[in-house]
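Two complexes follow with subunit A in common, the first pairing it with subunit B and the second with subunit C.
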Partner chain A sequence: MARWGMVIDLEKCTGCQACTTACQMENNRLPGENWQDVLFYNEGEYPSGKLTWLPRPCMHCENPSCVAVCPTKATYKTEDGAVLINWERCIGCKYCMIACPYGVRFYAEEKQKTQPDIRKVYPGDSGKMWNPPYRMPEHKRNLKWGVGVQPKGVVSKCNFCYHRISQAPKGTPDLDPNDPKLRDFTPACVVTCAPTARYFGDLDNPKSKVRQLIAEKRGVRLQDQTGNRPQVYYLAGEAATIPETRSVRRKQS
Partner chain B sequence: MSEPRQMNRRDFLKSSAVAGVAVTGGGALVTSMGTGAAEAETRAMPPLETKIVKSVCHQCPARCGIDVYVTDGKVHAIYGTLDHPISNGKLCPKGHLGAYILYDPDRFKGPMMRTNSKKGRDEDPKFKPISWDEALAAIASRLNALREKGEQHRFAIVHGRGWGASDAGLLGDFGKLYGTPNGALGHSSICSDGSKKAKAALDGNYNYNAYDYRNTNYLLNFGAAFLEAYRPYNNNMQVWGHIRTKSPKTKVTVVDVRVTTTGAAADHLLLVKPGTDGALALAIAHVILAEGLWDRKFVGDFVDGVNHFKAGETLEPGTFKEKWTLGLIEWWNTELKNRTPAWAAEITSVTERDIVAVAREFGVTRPAMAIFERGPTTHTNGLYNGMAIHALNALVGSMYAVGGLMNQMGVPYGKLPVKADEFMDDLARAAAERKMPRLDRVKTKEVPLASNNIQGIAQSIVEEKPYQLDTLMFYLTNPIFSTPNAKQWEEALKKVFVIETSPFPSETSVFADIVVPDHTYLERWQDTPTYPFQGWPMTGLRVPAVKPLHDTKAFGDTLIEIGKRIKGPMGEHYKKLGNVENVLRHLAKGFEANPGDNGVNSFDTWVEKGVWYKKPYLYRQIAGEFYEWDGTDYRRPMSNQEVKSKLFPTESGRFELKSSYLGHYGEFISERLGIPPTRVGFPQWLPPKYTGSGDLHFITPKTAMHAEGRSANLPHAVALYQPVSGGRNEMFLEIHPETARQRGIRNGDRVRISNELGAITARAHVYPATRPDTVVLPFGFGHWAHGRWASSRKTGNGCEIIPNVSEPVSGLASYYTVKVKVEKA
Partner chain C sequence: MNIATLTTRSGLPLLDFNSRPDPTSAFMMLAGAIAGGIGLAAVFINLFLDGHAAFNTSSDMAWGAPIAYYLFFLLTSSGLTIIASLDTVFGLRTFYPIAKRCVWLAIITLVAGFTILALELGHPFRMLWAMPTALQIYSPMWWMGALYSIDLVLLCVKFYLLHTENWNSRLTHHLSIVSFVVCILAPGTLGLVFGMMAMRPAWYSPVMPMYFILTGFMSAVAFVVFFTSLLRRENSAAAVVREHRRADEQLLHLYDMVLPRLFFVTLLAVIAMRVGQIITGLWSNYEGMEAHWKALESPLFHIEIWAGFILPAALMSTNALRANPKMQLLASVLFMVGIFSARLELLIVGQQVPLFKGYWADYVEYTPSFTEWMLVPAGFGIFLFLYGAGNWLLRLSESRVPERLPEPAH
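Moving on, here comes the complex of A and B:
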């Protein structure tokens, strides 16, 4: 059984947000509900201001604090390494949102930040929060995996495109989107990443490209002190840094 | 699918309180729910067949090949096409949003006629749906009536992004057959004509360059948003991933007036004062010469082999033997000798230390290239800024070299089934002989050298000069929103009969008398020959992914249908031309004799693959010699005459550092720009003339989400528009803390941005990395009639306060010369 993980090379990442929109398209997310967000940080000032960014999916932790706190066992860890939310069990209590050290969980509030509310344009029916014409084909939707248009009142998050990766041939070390045979099983954000800043593969397979990159380019995990042990690794390279968790902004008089 | 649950959060908290359930803390709780196969069995729905249609994106000029995923007649995903040379399976952030454009709930549903004769921003046009037959008949009868009076010039078509022979490419013949000089009034003068003209002046090619980025080792980028908006954006990012991790790593210096992701990702970001890029480029050239770093194989050398370039000292022309350049010593003597880094530091505000460092890096690294776009060129001195930058490519020998610049080759299309010339009637011929001036006054004494002047059309209409216009048709452009002094169009469009073809509501459509809506790009046939890319020819094909959602028609077909209804031979011509699909079938016949590298040799294979292309590029400069591809390598030496006709079509057949083209217009340039006629040919420092009554430079750049005006009504795009400054759902004015403090502005305050043209408002984002003399408000929001999301943003449209001033030679609108006043609203 594979243990899927992702490597993000910050030296290559251009902060374009194609991962964000590809994810929204693939997973029928609401505007601004960025399962795969890119966070921007500004420090310093003219003429040496520093702008950095950090793409942030769910870390699919080995030891996920969200799973530990979920009172209904809605959020769970699969045998192949993904952290999923079973929307049939989720009661929207948001404990997991507080427990997650990475802020990657979402709850669609009544009042949408992007107005007018697109859910009113495409009202939902039978367990769907909304029903846009460009939604995922019905046969791919899977509530137990938290895949597809979500019901109302549940927490959602990046599922590593589980409807794609779960169909990959067994024993595949890496899901390489440049391989036509593996492309459709690769997470949307990895498929589209133009500078190839993303890699997806089996962390338990010593021959995988992701393992090689983590070793050669000294992959790091965010907030390792929490003990969550993310399965998303970052390569910081020489020309990239992991930004401070918050920007420093001069106080206004 | 079962209903998800019965219990909500409140219920749960109640029951857990009663039962005293403790929330598990710490330690992993791994619950296996099974994977893959087991889960798949539980699915109720049978899988539906998914069809992948090959098409071409439409959200910037890049022409990325896309795979459109269609299931059950609905588009639900768009990815880059894996075997497409531009997209290579990848997309930019806009590309994925194509289905949202297709299903935009605010789209026009079919042709409409205005019933409210009063026009104004706040006047409801009171559109009444009409049939296509009625719409086309109404337009044709208007055009026939003008023709009968011999007043065809009073009909004009203004177009934006032209894609190929099947849309904008049809306009030339339409104008000729109808008999108007205004059949194809383009938008390039609000686009990038500045860079084209700068290149034409020096190397003779009036075009954007193709680039061999993957093999360059130094990229010196002046004001081209390489990682945000510079085409082909998607491929630029693919290149970026490569050049920043290859060995040796490509070094990148970005010169811009604001902090961009491009600048932040580069090795150096030099924040210049707006409009002074040319001074920086000249100082770099000065250092390259003074320190002897130029490419001797391309440029040539001093006869005695010793470097005699010394700051402030003139040289005898005979002392230097030039190879592929012309006028180097004259350029040095008249301009460069005093353009020292210390001089440029004063003008640009970049330190002398940084200028010298970048000049040395650029000068000693090979291959190196200097690229530029609107940052330096949308200024009153834009042509000369561009020339100063492009001249660097000659000094480091990057023209046609590995890791350098090329020019794009054309596509060997088949011929159309009918020749327009054979269908011209007496009216068309008489009109051709009469040589009426163009409505935009291009090729008149006023605008003699530009290709287009879309930003001048509103004035032409308002002042009825050169004549009174009757009917104006728009295709893929909305100048009432996007040109400088945009509001003047509101007066202009009251005076003419307006035909709008946009699939979406637009500011233009508020003034439209008739709307004949286009398909969106996922519904239409269209050819898309590449923008300059890697030199070798390529053309993609848009194939309808779904049947049109509404009662719309592709613009090319609308034009052909109007043509069929024009009396006389013109009508016959269009009946024989048939429709856009027929045009495309004839274009594809050219592939029979020139099969593409991917096997495309017919219309059907073009549809299947979505793109025809044929590598390699045919020309290469190696160590100062030019070679043509001989079938296996670049080995056939080219004569000077061949280089002149194919690569440097200047009068000298060389890269002219003293432009003979500009030399012919000395008097005009002298009059408009105040340069002595003897000096007009040289790349040189010309101070920018700032416009607008204010004290802060006002920059309105494009961000990555800006899809040429078509993403502003996508809520998903709106929520991501200006990530650098936190602009989500709203566009902020970036302002330096000190600048804000002096004006009593706090972060998040609503501010009024004004000059003599008027005022707009926006919210301020106090951003310390901004230049203190510059405020930045990205272009794209500020719509007032473009659909529910676009029109409900709380940011003004910068174009309403940008005075309509253009660089006189290229004709490019000077968007970035404007100054404004900013105060708390």
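Moving on, here comes the complex of A and C:
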């Protein structure tokens, strides 16, 4: 069984947000409900200050704290390494959002950041929170995987495009979007990444590109001290940086 | 079967419909029905129209005011069960007169808390089957739910036993012991729900369960002092004696000496613990702890510390002040307001520093919405209505001592 993981090369990433947009379109997310986001950081001060960025999907941790805290086992880890939410079991207690160190989870039933509220413009039916005019084919929507337009009152997050990767041929070491046979099984953010900063493959397969990159370019994981052991690795190389802080660190003045 | 005709062993009615409600109970039921009705109606209407978008919570501030109210009621309930157990488990005779009242208060605070939680959850009814079938033993919230459910059942059975004059039976004693253990474990586990979250440093603390148990106990003492001081607005021994139908020095001792002192000493312990938390928070460089500095700007923090802790401690600091029911009333109300603010402040502090939202994200700001505020009259309305009804129908001043003296002349 594969154990899917992602490698993001920060030296190649241009911060263009195409991954964010592709994810939004693929998974029918609401404005601001960025399962995949690119975070921007100011580092240093004039004249040596610079702008850096960090693409941030769900980390699909090996030891996910969100799974441990979920009182209904709605959040679970699949055998092939993805962390998913079963929308038929989620009670909307939001404890997973408290317990995720990376802030990747969303409870979309909240005041919308943009107006008009798009959920009222395209009101949902048959258990859907809303009815986006462009949306995933109905047969791909899977409540047990947290795939597609969500129902009301549940938490949502990046699912590594599980409707795609779960269909990949067994034993595939890498889901390379440049291979026409594998393109449809590759997560949308990886497919769309113009500078090919994203790699997706089997972390347990010695032949996989992701494994090779992690070893040769010293892949690191975000906030490794949390013990969550993400399955998303970053390559900082010599030109890029991994943000030191999770957020704003105010000057003590 | 007509419930009005059911009686206890000694022939007292199970529900005392024969007597008219005293003015205080009647007022509480009326005020509770009005406040609860308005609150619940407002919340239901807004939830129906906007769903949970009627709340000001967001994906960055996932838990808001409803969880704070829920904490307030549930922790108070556990504290009340501890006070009741001082009599029913540890045999402290001094606390006999308030044991039954405390059990009733514990039940209705739980009911109010659960009602608020049900209105906060995305799918409250799904919880009823999804939690028991999940058996997720790694989740502190699962244990918290299980323990508080058991707590509610045990309290109801215990109240029934006391109400049917089974104070001295072995069953009551054993059940009370179990209930006592559960009422320590339940708030402790609720403390773990927050205290185990290493990714939320402002909450992360192994002493969070102790803080919850202690502040829950303190809220319970404030509740009891408040309600017992209401009984004796006339500030006379006669009122106490009339209420309990006993001419017992112990009663006055309990009300004038024991409860106010317990209030004062427990409050000092709460202050000591809170000061430790604040100093740790302000001193620490650890990321996420800067929320403690931000908290200094919040009115909630100052209401908690100055109005809720320091002022009541000063009001209860001398013997003369402690024996004055008006001061007791004032101190207990101030503490309840303070701890109510403290619960909300705690929720905000843990989530104020955003998780990986980039440099452009600022502290997460949060003020409860109108719908969230309306949960306050909803919760207190339910509580007051049930308390007034209990006071009227359930002889809450009853105690274990069997002799019933005739009503004193007045």
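In this text, the second predicted complex is superposed on the first by the 240 of 253 C-alpha atoms of A that agree within 3 Å, B and C clash if a C-alpha of one lies under 4 Å from a C-alpha of the other, contacts with A are read in each partner's own complex, and residues count from 1 in each chain.
Please note the rule applied: a contact is a pair of C-beta atoms (placed from the backbone, for glycine too) under 8 Å apart; a residue touches a chain by one contact, two chains touch by 3 or more.
Since the structure is predicted, the reported quantities are computational estimates derived from the model, not experimental observations.
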More subunit A residues in contact - subunit B or subunit C: B
Touching partner for A:Y41 - first (subunit B), second (subunit C), both, neither: second
First (subunit B), second (subunit C), both or neither touched by A:R183: first
Subunit B versus subunit C as contact partner of A:E109, first or second or both or neither: second
Subunit B versus subunit C as contact partner of A:P55, first or second or both or neither: neither
Subunit B versus subunit C as contact partner of A:A194, first or second or both or neither: first
Partner chain(s) touched by A:P71 [first = subunit B, second = subunit C, both, neither]: both
Which of subunit B and subunit C A:P230 touches, first, second, both or neither: neither
Touched partner set for A:K12, first subunit B, second subunit C, both or neither: first
Intersection of subunit A interface sets (partners subunit B, subunit C): 40, 42, 53, 68-73, 89-95, 153-154, 249-250
Residue numbers on subunit C that touch subunit A, as the complex places them: 51-53, 55-60, 62-63, 121-124, 126-127, 130-131, 133-134, 136, 138-142, 145, 193, 197-200, 287-288, 290, 350-351, 353-363
Subunit A - residues contacting subunit C, complex: 33, 39-42, 53-54, 56, 65, 68-74, 89-95, 97-112, 117, 152-155, 222, 226, 245-250
Residue ranges of subunit A touching subunit B (in the complex, touch as defined): 1, 9, 11-12, 14-18, 20-22, 24-26, 31-32, 34, 38, 40, 42, 44-47, 49-53, 62-64, 67-73, 76-80, 84, 86-95, 113-116, 118, 121, 126-127, 132-139, 141-145, 151, 153-154, 166-167, 177-178, 180, 183, 188, 191-197, 237, 239, 249-250, 252-253
Complex contacts: residues of subunit B adjacent to subunit A: 1-5, 7-9, 11-13, 16, 21, 23-36, 39-40, 42-43, 45-48, 50, 71-72, 74-80, 82, 89-97, 99-100, 102-103, 105, 227-228, 233-235, 237-238, 240-242, 244-245, 259, 261, 263-265, 267, 271, 704-705, 715-720, 723-724, 726, 728-729, 736-737, 740-741, 746-747, 766-772, 788-789, 792
